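Worksheet: one structure, shown below.
Order of writing sets the chain letters: A, B, C and D. Residues in each chain are counted from 1.
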């Protein structure tokens, strides 16, 4: 994790095929980006990718809830970033807070995603295993100031 | 609208390609379904499809916010339904409340979607035009009892 | 299978989110439709859905190759059909020939898809099991006249 | 174009949500990648992005045909590359040849895509405008050796 920038940030460009006939990003694509950001964060910061989590550890990370607020359109072809923060870490759930910004740094969308760690065989939530918890806790501590006073989802 | 069942309901089956390697629906696909349900509702109940709204009327319906709560997995191949209700109609926004249910009628997910009607050329919100407002208001009245006491998004 | 129309036909409408900023269907969505048509055909005509084929029988049906020719645009909101034919059935592969038509019956796209039945554990092709082969052979016989003299993929 | 590596190459990782319940890439996602590669190539090598081509120049680039051959599975999480070559440049069409390779350099899939440049208003093919033609011709010359003797699509 030490090699990761703070906050953990995805860089992306809006694709032609992600836009609808009105020329703006088709709403569901934002949730694709949120999940892709969570996937990358999990692999890079929590230290295990979802495939190994499932195949090797028998654990899944289904979503409990998600919320996205759209503030400002992102233009086709324009680079944008998604910052991934962790608002809350409970026994078995992780609450992500994400911020999508355009090149000027303006907030374009904010998102929350609650994921739960489950035992795939029993389909029951389980305690987030160490060292995943340790790594996320460390990241959360390093980025806590970025969520202070925030009222975004 | 009189020919539409009350509440307006989409019937769907979970596709193979909508599921991830854990064998469950990949989270972003739910937002695809929510938007598809809103699109169908708009064409069938509000009386104009999004393409004509854009091309003929110069109006768009971008999303302001969305929220999805996941209650129970839907299995691959299993038919499910999405009921579309309207929680709120303001000057320029429509707040949809949707309920996804499996064949046994159990609530699998609930969703909110706030859409705004805008003038595409000026990118500014406008009053929802008659007769769209009239049709949605009529539908809202006919289905109001279904949202009473609900605390879902 | 006896209850299925001949040829096996999918009915679909072009969705808003399937179109790109030029207002036409974004090319990759056609391959989504081809795979969805193959999935439905397999469940309805071959008699087993892909989920059971994988989970219960330990068999997969990866794609070997695909080809799509685009003849005529399909407009947003316009209903269209996809007819599914079987051009060839070998020991372990099925070669589908599909025809997409608009409401006027005009050919809008034609597609080929070669799928192979494999043993998931060994990742090796296997003989297509009875009664899947029997059902597809029966369907192929009933629809052979529709492919005669065709030079489409 | 001079700043682009030869051949023009996309670097990508297989996403969790791009895989199906059998744990392999869901077939239609390959065509998403092919179109994304063509989009990037057009912006970086031909020198104009599809959005400007449409909005500013009134030109579109619909697909005429596509073909994909699948040779070897790409594993989830594994980085892979797509090389973009131009097999043929006619008055109004571009025939791309693409090669998907895993980290070991093994050929995993090969694809062809024929795109046509059209006048959006008249929906008619037009001559590929200079300097787009000049740039693609120059690229084609610089990479011709890579397609010699190839029988892939």
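As a convention for this text, a residue touches a chain if its C-beta (ideal position, glycine included) is under 8 Å from a C-beta of that chain, and two chains touch if they have at least 3 such contacts.
All values reported here derive from a predicted model rather than from experimental measurement.
Peer 1: Out of C-D and A-C, which chain pair has the most contact pairs?
Peer 2: Between C-D and A-C, the larger count of C-beta pairs in contact belongs to C-D.
Peer 1: Among B-D, B-C or A-B, which chain pair copies the contacts of A-D, with over half of them the same by residue number?
Peer 2: Going through B-D, B-C or A-B one by one, only B-C repeats the A-D interface.
Peer 1: So the centre of each chain is just the mean of its C-alpha atoms; given that, what is the distance between chain C and chain D in Å?
Peer 2: Computed value for the inter-centroid distance: 25 Å.
Peer 1: Once you find the CA centre of chain A and the CA centre of chain C, what distance in Å lies between them?
Peer 2: 36
Peer 1: Send over the residues of chain A in touch with two or more other chains.
Peer 2: 16-17, 21-23, 26, 28, 32, 35, 51, 76
Peer 1: Would you tell me which residues of chain D are touching chain C in their complex?
Peer 2: Result: residues 21-22, 24, 26-28, 30-32, 34-35, 51, 54, 60, 62-70, 73, 120, 123 of chain D touch chain C.
Peer 1: Hey, which residues of chain D end up touching chain B in the complex?
Peer 2: Touching chain B: residues 16-17, 19-23, 26, 28, 76 of chain D.
Peer 1: Please output the residues of chain A touching chain D within their complex, sorted ascending.
Peer 2: For this pair, the touching residues of chain A are 15-17, 23, 32, 35-36, 39, 43, 49-51, 55, 76-77.
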